[in-house]
Structure formats: structure tokens, C-alpha cells
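The following pair of complexes shares a single chain, chain A, combined with chain B in the former and chain C in the latter.
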Partner chain A sequence: MSVSESEPAPDPKIKTIEELYDYLYKGLQLEHATLPPYLTALYSLRPGTNSDARHVIRVVAVEEMLHLTLVANVLNAVGGKPDLTKPGFVPNYPTRLPCGPDYFDVHLRPFSREALDTFLKIEKPPEAATEQDRFVPMDWAALGLTSDGAPPPPEKLAQLEESGTLFGLVPGEPSKRFASIGEFYEEIIRGINHLEDQARQAGKTIFTGDPARQVTPEYFYSGGGDVIEVTGRDSAVAALTLVAEQGEGLYGGIYDSQDELAHYYRFQQLEKGRYYQKGDEPNEPSGPILHVDWDAVYPVKPDIKMVDLSRDPEILAAAAEFNQFYATFLTNINLAYNGQPDLLLKAVWEMFRMRDSMNRLVRNPLTGHAGKNAGPTFEL
Partner chain B sequence: MTQTTDAENNLDEFVKFSAAVTGFSEFDLWGTGQAEEYYKTVLNQEGPEAIRKVIASDPSAVPSDPVVNSIIKLWYVGVWYGPELVGRMDVAAWTAPGRSGAKPAVPDDSRPEESRSLLATSGRLQDGEDRAHGEVERKPLFVVSPDAYTEGLLWRAIGAHPSGAKAPGYGSWVNPPVFED
Partner chain C sequence: MMSYDGTDQVIFPAGAATQTSAAEAAQGVWDAVIVGGGMAGSIVAEQLGQAGYRVLILEAGPGKDMDLAEYESYLSRFYGAVVKDNQSPYPFNPNARMPRSTDTMPVDPNTPRDDFYLVQQDKYCTDTTFTRVLGGTSMHWEGKALRMLPEDFDLRTKYNQGLNWPLNYDDLEPYYRKAEAELGVAAEVEDQAYLGMHFPKGYVFPMHRMPLSYLDQTVARGVDGMRVNLADDEYTLQVRSFPQARNGVPNAAYDGGKGFVPVGAVSTSQVEEGERCQGNTNCVPLCPVQAKYHSGKTLAKALRKGNVKIVTQAVASKVEINDHNQRVAGITFKKYESLGSEKYTEYTVEGAVYILCAHAIENARLMLASGMQDMSRSKLIGRNLMDHAYLLTWGLLPEPAGTMRGTTCTGGITDLRGGRFRATQAGFGVDIHNDGWGWATGSPYTDLVELVDRQGLRGRDLRRTLGNQISRQLLLAFMIDLLPDRNNTVTVDERYKDALGNLKPVVSFKIPPYTMKGAAFARKLATDIFEKLGAEDRTTYDQNSYSAVEYEGQWYNIVGGNHLAGTHIMGTDPANSVVDRDQHSWDHDNLYLVGPGSMPSIGTSNISLTMAALAFRSAAHIVKYLRAAKAPAVVRS
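And then the complex of A and B:
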């Protein structure tokens, strides 16, 4: 993704501050939506095995948490209010993400070649796009959402736009979608530049948010890159650029500006059985061999729902408790993003407890689903 | 649905019995990820007849069969103590060597000659070993696996975490232990 400085963008989609809030909410929803699939795969790895895969998925998941925080910082900086507790914020899996000409399904499933393939698609660097093909006509029929390919009726459309089951739509233009997530973030950066230029002409700024609402580095420890405090245009663009390039790499390279290997190439190491090292070209890792044991995985039932657990009351109770705990956890994160950043430190403890709960779930065999295990359903 | 095999049935029965004698739920026992390994350990060490007898017994029986005590201890600490060692309070496999830093926690005379290495052996079969009881050397004391240590029920029972594993997060030590129901 190329990041335009403040040069005027051709007809930005974002023309009001409310539209910018909508886009940034979508960004929060999107960054979070990658976590349940990554965590399900991560905790499906059998203990004592697959240390390479465990490490790779864990690093990516932690960086997605950084992205969530960065988007929240941008939204707070422009005077918006993050809300991770809205109905529909957590997708009912599978959800759909755009990747070039196609949509693809993102499932909750155990670590496998198919899961890895999905992860690669999630993080795939976009093709160099011309101005026109940053957008793709929306094929509603292909998604099975309408029969004639036209957008669904307004009520249904509003529901789809609010739920996390479909990402990449151009808000307010149901006949179009973004070609990739990178282009979605590019549009946000253009919107910020456009609105800030306008504001400055009137002697104002859009960066009116209370600085106390920023999550600053003392509240965020992870090793997943540095959290950026957003106070104006430059730091907003830097934060959003980091979100995009940590996934895909910077300017076609395999590293981002903080010298971290981009997610796409981290995952590719598992596919190719080899680590990248400094100086490598994309798609040609030449570092140490790594080993993936595809069979050392708990067979978590894909896209598992509470209804699948009806014959196992103990598992059902544990899964319900996990979902309840997760809802509370999101509420706490939301408070942290709304003026109480110190709550993030406590949230880390909650994350470790959720890790233990997820581990217990995936190790439990299901009754009536031969050879399948339970897992967190993330139904909130 | 495929037919459940005898082996799966036996494992299920083992977990069910273990839940009754440990006080943890079947869900929690499966949740350790150690069920198969523990079942195999008991099978290898005591034989199919002993395990069948134990599972068929009354879990509330007092005093319990020494093998039952071994099974309870196995789930709590992840260490197999053969029935002849299970009551010994001075035997702590994973704290060896003892406080002095030199003295092994398990006196040498408490173990047969051939199993002197304290921590190196596991319940897992080595290359060339046969699973059938009688052909596997009995090992009255060993840590079943590295994960068995971190999955011991004792940590949850006391509301703590195994030192060096399952980190609960920076600063979480300001909180009192969380006890579960």
C-alpha cells in the first residue's frame, strides 16, 4: 500500500467526520475479527509439539492486538468513541474478507494447511492497484446474499454492514467494495488528510480528542511493535501505516518499518518449512529449516457453536462461561479505550485466563461428533 | 459416526473414574491434555487387569487400592508414583535434588537398581519398547512428560500456577489466588 502524504486524493469517500468514525469502527471490528481464528488455531496445537508454528501464530495474534489498539488511538484522537460492545462487533463465524477479485471465508478451525491458507489470504499484500481497481463491483449473488446480484434491501443491508460477517464494503455504496483491506486503510488515510486539510483552512483541526484517552506505551507491553500515541495527522498516518504494513510488508518488501517480518511472510515460513532471514527476497526464504507437525493438533470442530455441545453438559457450561468471560473482557478493553488505559494491564491477566480456558476446551472430545473436539465458540 | 473402539471406551472409563476420585470434573481432566498419556502410564506400569479392577471398584472405598492412590497422585502432580511409593511424603521427583543442591530427594534405596535416573525416564515408550505389560520395565517413579508438570491439578487446587509455566501476567501477583468452585 502506498501512503499518500497530504496531496489531494481524487474524490475521497470519507467527506465527514461521522463517516471517518464509521470507517474506524469497521477497522476495529476487522482487526478483532482475525483474533478468534488465530487463537483457535494457536491453541489447537498439542502441548509439547509444533513450537515453530506456535511461535509464528502467537506473534501475529499479539500484533493484531496492537493493531486494534492503534485503530482505537486514531479514533480517539479525532474525537470518536471506540465501542467494542456493539451487537455484531464479534462475527458469527465464518466471516468473509475481500482478497482481490474474490471473497474468502474465514473459519474458526484447528491448525491445518487449509487454516494456514486462509491466514495467508488474510495478510496477503495487495496487487499494485491503479486508482480504478482499488474498488471491485460487489457481487451479492456470488455471496448467496441476494438472487439477482443487486444489493439487499436497506434493512438487511444495514444489518450486514453492522455485523462482522462481511468486511470490505464501501460504506454507503452497496454496489462496491474495496479490493483489499490495504485499500480500506488507504481510504481512511485519504479521508483523514482530506478532513484535516479542510479543517486547517478554517483554522481548525480534526484532532480534537482528549490526549488522556490515548493508550501509550506504558500501558501496552507485548513485543509486537510499539504502540503509537496519536496526537495529529502525522502520528495518525504512522499508526494506520503500521497496521497495514505489519500485515503485508512495506513497499513490496518482507519487513515493515520497525524491521519486523510482515505477517504474510511469517505465515509463509510455515508453508515453505523454512525461516526468512535478512536479505531474502519475497517467497524465497533461505534461513533455518522449520518443522511443522500437521497431525499434532487437536481436531477442533470447525466453526463450532453452542448447539454442537448439547450432549456434553460440562463442555457446554465451560463454553458458556468462556463466552461470558470474553464478553466481559471486551467490555474491559473498551473501558481501557475510553479513558482508562491502565485497565489494559489487568486485561492481560484476563487474556492468560482465557488462554487456559481455551486450552481446556480444545482438549475435550465431543460426544456425537466422532473424532472432533470442542473449542471456544465466540458466540457473544 | 464411527464405532467407538474398546480402547476409546477404556480411556473414557478411566477419565470417568479419575474424576470421581480426584474431585475434578471429567471436563477438567480432559482439559489437561494428559488423559491418554496417563491412561497409558497406568496400563504400562500396572497392566490391563489392574486398571480394569480399579475402574470397576467403588471410587469412595476407604482405604482405597494403592493403585487408586497412584492414579490420584498422577493427576495432581503429573508424576507416576508406583503403588509401593505413593504414600511416601519424602519422595518428590521434580524437586530433586534436595535443598542442599546435592542430595537427591529420593533416597537411592527407595528405587530398584535399574531406574536410578530420576527425571530422564518418561511413561512414553522408547524406540524398540513394546507397549504390552510385562515387556516394559517397571519404573516406580518418573515425571510423565514436561507438560504433565504444568498440567498438575494441584496448581488449580491451590489457585496458583506452576512456576516457570502458564504465566498469569505481569503484576498479577498483587491479587489473592483465585479459587475455583
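And then the complex of A and C:
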């Protein structure tokens, strides 16, 4: 995490178990929100080309699924119930993630330099130097959400908070937000420590969840990185730390605590045209050369919506079918996180279906959008 | 990811396939020179490398690193190939050719022709294959990893058939466990403890069994509990899952509770793929994600230590023998420039010990081409060639049974692998093929041709009919024991040479009556099983095929199993065998022949696991040999 532990810990934002549930739900929403952009880029690559890019994006996408699972394990361990089927869980793209003083937009885009740039931003949020830097004032006007910069009225605010299109808000404090996703997870860890300390003083624990609801390593199809079964404070902190560090590396290095190349550096390999290998310093990969063919990509229309497909009824039907499939997929994952972990094994071949379904969409040019192809809209 | 000497286990050092030049390799003396970078060669190299010895591997195949790009080039060649045989992923290489099942036809001895690699002059020809690329035949194997039965090691004593091994099951058992760890075997002890196979108390396989396919379960409904009378004994059949060298769910209880970390795809960078089988149903020749073991996984470890080197595009052409003491003085090899050129340079490399790991046919071919039969006291080099005899039977089930789902083969019938009947007829295992009739009929491509060209179907009708037809296909492949026979041979003949001028293997292979008696019984059993399942028997045999065999008035087609063995069998003395129980040559003190060629019988288990176990066992002996022969060299990194 970004803030040194020697600083006195201020009052945690999370003071009740319900608040912790709320934060963890947002964590689920956040981890999932990166999947549609990664999958869209992944399957926009023309089959038989861009093997290096394909594998790099694929591994990161699989590990985002791992993160989703880890957050679900933490939520289950503290007696909460993951729900990936709530309205608004899947963002209406573009969504926004905090990046230091700014927000940046995350689009559904075909693989491109812009997409790669966004992926790098997603995976390496800037670090907060001091306790104060962990939060930045929320500039609602800059986002175009209010005219005077003040927070929107409560109803609109609640809607925004639920929608998955604006991440990093501090619940209950609409005038500020977390400087980065890393700080958001840091807050959850502090909350867990605080609540667990309190509980222990009363001879209790917050880890009251049914262990049978944990997703254990045998159920997760690993692409690198292992599932951590959460049974108490240490494993909860380990799980959340892995979620945060797998993006950016551990202690400023390029690998995480499980010896996986961090996502930021995985993506950076595509930018640098070279693979990292053991012993490399950040930004200086020295492994084998890799090749990116930026043109061997289907020109999927960015942030495509169902309304864009109205003149192509067959594509429209295929896109609707995809969204239906995706909704079912999330429902199944949700069941897996709610006591039926073996359903995750089934998700492996469901991912193949998803790939086929996306492949079908991205090959089709759109009527009325010159030079643009269809793609999945992820409107559920 | 498990660390190995501070690096990922599956990282193949970039440039390793090309950075050692043949000229460099030919300078100085290596501790060990290994011919062949397949499963046996990789295991021995890795073990000797671990022990600190300087090891050179000579590999006949193309000089490419085992990285994902190379692997994917194999895959894409396979996907694009019209005929998807075992060798279809690999580019044609005139300098290190390999047999292709599609090439099989007899060569007329009076008008020799050089079209094919394996020269056969008999009416019956085997369509068996082995693969000559880095990784060897593990680059096309299916991944079944069965142990041999205890009785397989004592066939002569127990049933007065075949040959005894100079080893027994218990001698090999610890090495089976090593091999199961190296190959990453998925199975349950409770399934595999049959016909006397035993395991140490508390042992579990590295990974849990692959689930039985829906097709297996369909067959089980008819087969489980079925009784068979054979040679005065009654056997009860059941469908059982096969142990597989393919990544499944790791068993947390493995290694006293330490668990097991599956080894995924090999490449020159961290790729994180293949830690689990995804059920692509495309295990042979190549798993698309490398969830199936191939020896690149072992080779990567071996090469990373720095004291194991490899020279590729290096075809061993002669084992040089010192006439005075019969010791091997060097291995001469031809280093060719490219797959497209026949230009080569000859070099000789020297080592303290030499290990031939080029597979049954190539080991024999190389030794025979080097004139070593003259020095052999047993004269058994190239004799006792074995392969499993496969009898295919196929039927159409009454209902769709999910054919084409699951890995290529998840379950089968193993109850007739052993028993007293083996005194008079061969035992067999039965594979339930999840990939339909492909092996027998060329399905699904032939189904498509039939439906479109003959029945005129198209569109939705075609799709529905095709799906319905294929998902009802049941192929039972009987893998039948074939005993060692001196007259099944690999020889060489000056008339038959490859592009580099190396003598090609000439194979003469007949299916003995003992095996055919088993085949005839298998055919009847298949009829009974199809009847139980309400399946329409579609099996037909072509008596005009190269694979036709007549037995008691009936014709059968016996196809090759690619389980080649027996060309330098192990035994108890120099008169009855080529190597001893450690795979140490009886006739040449500093020579080991490691591979399935050493097996004096093959029983009814696919040979790779046993070969791997033998390789581990022999590697330990070679370390002792080297320790005695010389002090270990200091390894400089």
C-alpha cells in the first residue's frame, strides 16, 4: 500500500460492518468494471495475429477475475453477501476512475495505443505521499455533473454512487474522493482492522461468514496468481493487498508477492516491444522482443450501444444475445460466490462461448458508421 | 507460481536453442552427451544438470526456442492442415524426417523408393509414428499416464509368455511417483489400485482425476457390472477414469499436504497459461494451451541452470567406438543449416558418458548404422520391436451422448488388462474416445462430405444433422498387448538414405497370433457392448488395407499405437539383452540407452510414464557412474 504504516492512523472511514459491506460491494463493482474494456480489446485482435498482445491482455483479464473472487471472499468472510446482479453493477461505459488529481475515462475500445494507455493508467495509480494526499477534493463541475462544483442532490448522488460509472467516491462525503484505487483498498484494510479490533475487545470477531462460501484454489481457473481463502484478518489483508499490488507491483518492483509480473509492467511490455525477465528494473525490460501489429485489429466502434445497431437487425440480435449471455454469466458467477463455488469450473467453458459470441460481433461492419465494426455493448 | 532457481519454472531461456554452436560443442569433453531432446533426454539432462554435470543435448529437430510463438506456429499449421495427423503441426524436414501415418504403404524391395521415412517391405505395414522436433514424441502424445501392472513385469514366470523384466513393480514404484510429479498426473489412487497396482500408504496423485465425460457415463450405464468369461475366470467390467498427464485440480493432500502447483505453458517470457485443462478436445497432437505435459516443461528447467546446453538441427549419424576397449569415443553428428537446405557440417562431440534417448526406432537405427550389432553379444539391437496393436470398433448410439466434449479420452475399461487368460491371449485396455470416429473414419470431415455431397443437406438442416450424428458417435479403441518377437525388427539398408545421407530405418512388423487372439476377443466384446448400449455397430474392416490382418478366417485392421518399444531390451545378462536393468549397455561401458527401447514388454499401458520412471531411475545410476568416472566439474555461471 502506498502510505507508510509509521504515520498515525487517522479515524477510519469505515465504522460499521454495513459500511464495510458497502465498500466491498464497490470493490466488486470496480474489479468487474475493468473486464469489459479488457475483453473488448482482447477480442478485437484479429485471430491469428498479435499473439503477444493477446496473451498479455488475457492474463490480466483472468487476474481481474481473480481479484473479483478475492474481494468476494473477503465479503463472504465478514458475513456479507456478494451481489453482482444489482442494477448498475455493470457500468454504462465510459466509466471513470480516479487518477491522482484527475479522473480518467475508461472506454470500451478496440486494442489501440489509446486503449493501452488507459490500461496502464488503470493498473498503476499514482501513489499518495502523505495522509492528506490520500483524498482529493471532488470537482463535480469538471466532470460536468453539476454546474457549480457542489455535489449533486442526494437522489442523483445515490444514483451515481450505484451506477458504476464513477469510482473512488468516499461514501457519505461527496466533497472528496480517494486519490486512487489503491487508497480505496487501503481504507478497506483500515476498516477491517478497526472493526476487528473493536470486535475482539468484546470477545468477538467480524469474521463470522460461513467458510463453505469461500472460493478455494481448486475452483479458480488460474491464469497466474492464486486464490486466497479468507478466514480471518491476516488472510483478508493478504487478499486485498494482492488485489492492490497485482496491478502495480510490490515495493516498487515489477513483480507481486506471488512472483507474478504486475499488470502495469505486463502492459508496458506492449508499449516497449520487449518482455520483462527476472532481475529487470522497472521501465527497462530486457527479455525477448515482442511484436504488436496495431493494424491487425477489428475497428470496433468505441463505447458502442444498442442504439448504434438499429440499422443492422442481425447484429442487433447478436448483440442482444451477447448481453443476455453476459447477464447469465454474471448470475452464475454470483451463485458461485454465494455458496456454490463449483460453478466457477463451468465458467471456463462459458468464457469460450463469450469469446465466440464477441468474435462474431466484432467481424461485422456497421451500417451508417463508416469504417466501424460492431462489438459487445455490455448493456444489461 | 513456483520458483525454480529464482526464475519461473516454465521459462525457456531465450536463445538456448541456438546459442551453443556445433563447433563449440565439439571442443573439449562434456560430462554427458545426450542424443535426443524428448521426454527421456530432457529428464536425464535435467537430473544430471541438477547434479552439477555439464551436459550436451543433440537434437535433430529445428533450431527454435520453445516459446509461445513457436508453439502457436505449430498450432496454426495444425489448424490449417487438411489432414490432421499427429505430425501435421510440424514443417516438413528432409534432414530429420519422421514417419507419417498418412504415408504408410509397402515399398517394393525391387524398386526402392525414398518417398517415405519408414521403409516397410511387407504386405502388412504399421502406420505408427514418432516425432522429431524439440520435445520429441511428447509433442504429439495423448497424455495418458498409466502404470504397468505388477504382473506385466513377470509375464514369463506367471503366464509362460513374453519376457520377464530384470526389475519388478516395486523396484520401479518410487520412480513412477517421480514421473507422476514431473509429468503432472491427474488421477485418484482409489481408481488406480486395481489388478495389483499398489501405492505407498497415504500417496495421492499430484492432481485430482479428470472428470469422466458424459459419453463415458453413457457407456458406463451399459458396461458397469457387465460380466465376461475368459479362460475359466469371470471378470466384471466397469468404466474407469484414466490417469492423465494434464493439468487438473491440484490435490491439496499431495506430498504430505504441501499440495501441487501445475506447470503451465512454456515460453521465453511469463505467459501464465495452461495451468488447467479447458476441455478443448484437441489433446492430440497439441494441447492448445499446453495444459498437457510435453517435455519442454522439463527441458526448460534443464536448460536454465546453465550447465546443460543443446545443439539443434544436429542429427546424430554415428556412434564412434574405440576398437580396443569397445568404449564410445564420440558421437558424430550432421549439423544442417536449415530445413530448406541439405547443406551440413559434420562434427564429433566427446563426453565421459553417452546416453541415447532418441526413441526406440532412432536409437536402434543409429546403433545399427554405426555397425554396433557386430559388437553386440546378444545381437538384439533393433529386434523385439513392439507397439500396441490397436483394434478400432465404432457404433452409433441411440441418443446424443456428448461426443466431442471433454479431453480426447477420459475413461475406459481396464479390467481385462491382466489375468490368467494371458497364458493364451493378449490382454487389452479399452479407450472410450471422446472425439468420435475420427481415428477410424476421418469423422467429422467425412460426415460433412457425406451429408453435403451425398445427401444434399445445407444450412440449418446440415448443422442439426451433423451435430446429432457426431454427438452419437462411439469409438472404442482396444489397445492390445504385443509381446516381444525377435522377428519384429528395425534394420538399416544401404539402399535407403535420407537427405543427409543417413540410413533410414527399415521396419518389419507383424502382428503375432497371441495378439490377434486378443483382438478377436475384443471384437466380440465390442459387439456385446454396443448391443448393451443399443448402439448400431458401424465397424467395418478393409482387407485390402496395409493394416489388414487375417485371424481364423476373419479380417481385421490393426493400426499402430505410436508406443514404440523394445529395440534394445533390458535383461539379466549380455546374451539375452542389450542393456541391464539400469539401461546401461552390456557391450559399451560408457553408454546408456534410455527410452522405451529398453522395455522387454509393454503390457497394456501407454509407454511414456514407464519410460519416464525408467529415465529417472537410470539418471540416478548415471550420476553414480559419473561420480566414479570423474569428479564433478566446477560449474561457472
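Going forward, the second predicted complex is superposed on the first by the 371 of 380 C-alpha atoms of A that agree within 3 Å, B and C clash if a C-alpha of one lies under 4 Å from a C-alpha of the other, contacts with A are read in each partner's own complex, and residues count from 1 in each chain.
Criterion: a residue touches a chain if its C-beta (ideal position, glycine included) is under 8 Å from a C-beta of that chain, and two chains touch if they have at least 3 such contacts.
Note that this is a predicted model, so its numbers are computed, not measured.
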Inquiry  = One more residue to check, A:Asp259. First (chain B), second (chain C), both or neither?
reply    = second
Key: First (chain B), second (chain C), both or neither touched by A:Thr208   = neither
Ask   = Which partner does A:Ser51 contact after superposing on A: first (chain B), second (chain C), both, neither?
value = second
Task = Would you check which partner chain A:Gly371 touches, where first means chain B only, second means chain C only, and both and neither mean what they say?
result = first
Task = Based on the superposed arrangement, let me know which partner A:Arg363 touches: chain B (first), chain C (second), both, or neither?
result = first
Task = Answer with first, second, both or neither: which of chain B and chain C does A:Lys278 touch in the superposed model?
result = second
Query = Who does A:Gly287 touch here: chain B (first), chain C (second), both, or neither?
reply = second
Request  = Applying the touch criterion given at the start, work out whether A:Ala318 contacts chain B, chain C, both or neither, answering first, second, both or neither.
outcome  = first
Doubly contacted chain A residues - partners chain C and chain B = 48, 221, 348-349, 352
Request  = Show which residues of chain B lie in contact with chain A when the two form their complex.
outcome  = 1-2, 4, 25-28, 30-33, 145-147, 150-151, 166-172, 175
Inquiry  = Which stretch or stretches of chain A touch chain C in the complex?
reply    = 48, 51-52, 55, 58-59, 62, 217-218, 221-224, 258-261, 269, 275-278, 287-288, 290, 348-349, 352
Query = Contact residues on chain C for chain A in the complex?
reply = 1, 3, 6-8, 11, 14, 67-69, 72, 76, 208, 249-250, 252, 268-273, 275-276, 278-279
Note = In the complex, the residues of chain A that touch chain B are 46-48, 221, 314-315, 317-318, 345, 348-349, 351-353, 356, 359-361, 363-365, 368, 370-371
